[in-house]
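Both complexes below contain chain A, partnered by chain B and then by chain C.
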Partner chain A sequence: MFKDLDPILHSQLRLAVMSLLIGVKEAEFTFIKENTNSTAGNLSVQVQKLKEAGYIEVNKQFKDNYPLTTCKITSKGVQAFEDYVKALQQYLDVGKK
Partner chain B sequence: MEKELLPQESLSIIQNMIDKTKHSLSDGSHYFLLWGYAVFLGCIIQYSLLAIGFHEHYYAWSIILVAIVIHNIFIFRDSKKQKVVTFIEEANGQLWMGIGIAFGVMAIMFLKVGYQYCFPFYILFYGLGSFICGKLIKFKPLVIGGIVCYTLAAISVFANYPTQILITAFSILISYIIPGHLLRAKYKTLNR
Partner chain C sequence: MSEEKELSQQESLSIIQMMINSAKDQQKDDGKGWIIWGWLLFAASVSTVLNLHFKWFNTFFFWNLFGLTAIVLLVVGFIRKIYQRKQRGVKTYTSELFRRLNSGFFVSLWFIILFINVASRQVTEWHVITNAGFALLVNLYAFWILVYGAAMSFKPSIIGAYISWGIGFGMLFVHQFEYIMILHGIAVLIGYIIPGHIANNEFNKLRRKG
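Our next item is the complex of A and B:
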């Protein structure tokens, strides 16, 4: 029986954001933007969706008079990511057979 | 509308993004070089002052105050550039903060115990820092430097005070200065 792939994570940009954040303590919005090759507008929308799902924490502050946004994965996000990878594994195992 | 992701595509996105953060460890070699050269110079100056019979030979260590100022400038400059904090960097930062505090505490302790006994303990802590940091960032020269310091810390207790100063200079050369230059060269190659 297949596990359903989490629709929040099963999207190219949101999955990329989560995969970046899983390996770090926190990352600036610009770091995520550069590494996912996304536009600021699209990334903002996807980050907001991840935040609403409780998968990431978004912290907005000021640094040298410029707005600075940092993102951090939550424990709920880590769990969701692990479940997603396990479900993905099932699909891939079946594909091999 | 976003196109449906295939499982293979999902896996490739995950792999690709994890690879990007794997190499995002920032270059911390300037801290090794700063403290390495500061301590090395401190040792050489103090040894020279002792050799010419200057009574206040410990004045040599005022160089540490200069190093602290430069260290804080580095921290300020690096905090502006850093866009991502990895778990290894976080652990590394905590390690050096802990060791920095230990050096401060030791400076106070040796006021009572006597500064003539300080060098073996300082060598031990240089070794501890470079050994753990080397293991964290998987950089062998630091690990080797740490092991050499552990050995020299044990040997130095059998040496007299001026010789202990020279052993400390050698320890910092092996555990901070040489690995610091090698680390710098490694980052330059990685970012070429």
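Our next item is the complex of A and C:
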């Protein structure tokens, strides 16, 4: 029985954000933007969707008079990411046969 | 990257790989810390051996000089770290681990240095304390090198740590300060300098690829 791929994660930019955050403790918005080659507007929308799903935590603060947004993956996000990779693996295994 | 594009399973996998590799690159260390501290410690050891031979200054002249340089470097390093954190924009688990453990390492280091200075003044056989103190220092280096090697999965440091421990253990049975300095220099060369240059080489290769 195939698991459905999580629609929240099965999107190019959201998946990239989650893949980036899974390997680090936390990352600034600008770091994610540079590494995913995305625009600030598009990234904001996708980050908000991940936050609403409870997959990431978004912390907004001010540092040296500049707004600083940091993102951190939650334990729910880690679980969802692991499930997504497992499901993906199933599809790819079938593709190989 | 755009949001709308329909993803195939292969594309999903390559995005995951690409981003995880990108995060992994952030964890790579340039080895400069090991190189700088390694060469400074090595220089202090070799200069002390030469000083003991030619009797230019008092025995610990070059170690006092090293101490002053270390204080300057620590201040510069602290300022640089603040600047780098602003630029980097990412906290990795290993960078956090090192940030927290670094202070512990330096406290232990200064503790042993203080011990050598205080205890050796209280006994006539001062060189026994000094020799044991340097063996303890090498033991501490080895522990820190092992922590680094294990956290970064970096074999040269893991090997260097165990060799340094062996040298430190051997130092307990050496009585002449000149030989203690030579062994200290060798431990630093194997534990700090060689792994540091290997790490730096790998880091530069990765940067060139990226």
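Annotations for the structure displayed:
FYI, the second predicted complex is superposed on the first by the 97 of 97 C-alpha atoms of A that agree within 3 Å, B and C clash if a C-alpha of one lies under 4 Å from a C-alpha of the other, contacts with A are read in each partner's own complex, and residues count from 1 in each chain.
The rule is short, and it goes like this: a contact is a pair of C-beta atoms (placed from the backbone, for glycine too) under 8 Å apart; a residue touches a chain by one contact, two chains touch by 3 or more.
Small disclaimer: the values here were computed from a predicted structure and weren't measured.
Taken together through their common chain A, the two structures put chain B and chain C in a clash. Touch criterion met: A:K25 reaches chain B and chain C at once. By the touch criterion defined above, A:Y91 reaches both chain B and chain C. In the superposed pair of complexes, A:S38 makes contact with chain C only, with no contact to chain B. Common to the chain B and chain C interfaces on chain A are residues 5, 10-12, 15-16, 19-20, 22-28, 30-31, 35-36, 85, 88, 91-92, 95. Residues of chain C that touch chain A in their complex: 1-3, 5, 7, 9-13, 15-16, 18-20, 22-24, 26-27, 88-93, 95-96. Chain contact summary for the complex, chain B toward chain A: residues 2-3, 5, 7-11, 13-14, 16-18, 20-22, 24, 80, 83-87, 89-90.
Residues 5, 10-12, 15-16, 19-20, 22-28, 30-31, 35-36, 63-64, 84-85, 88, 91-92, 95 of chain A are the ones touching chain B in the complex.
The touching residues of chain A, when paired with chain C in their complex, are 5, 10-16, 19-28, 30-31, 35-38, 42, 45-46, 85, 88, 91-92, 95.
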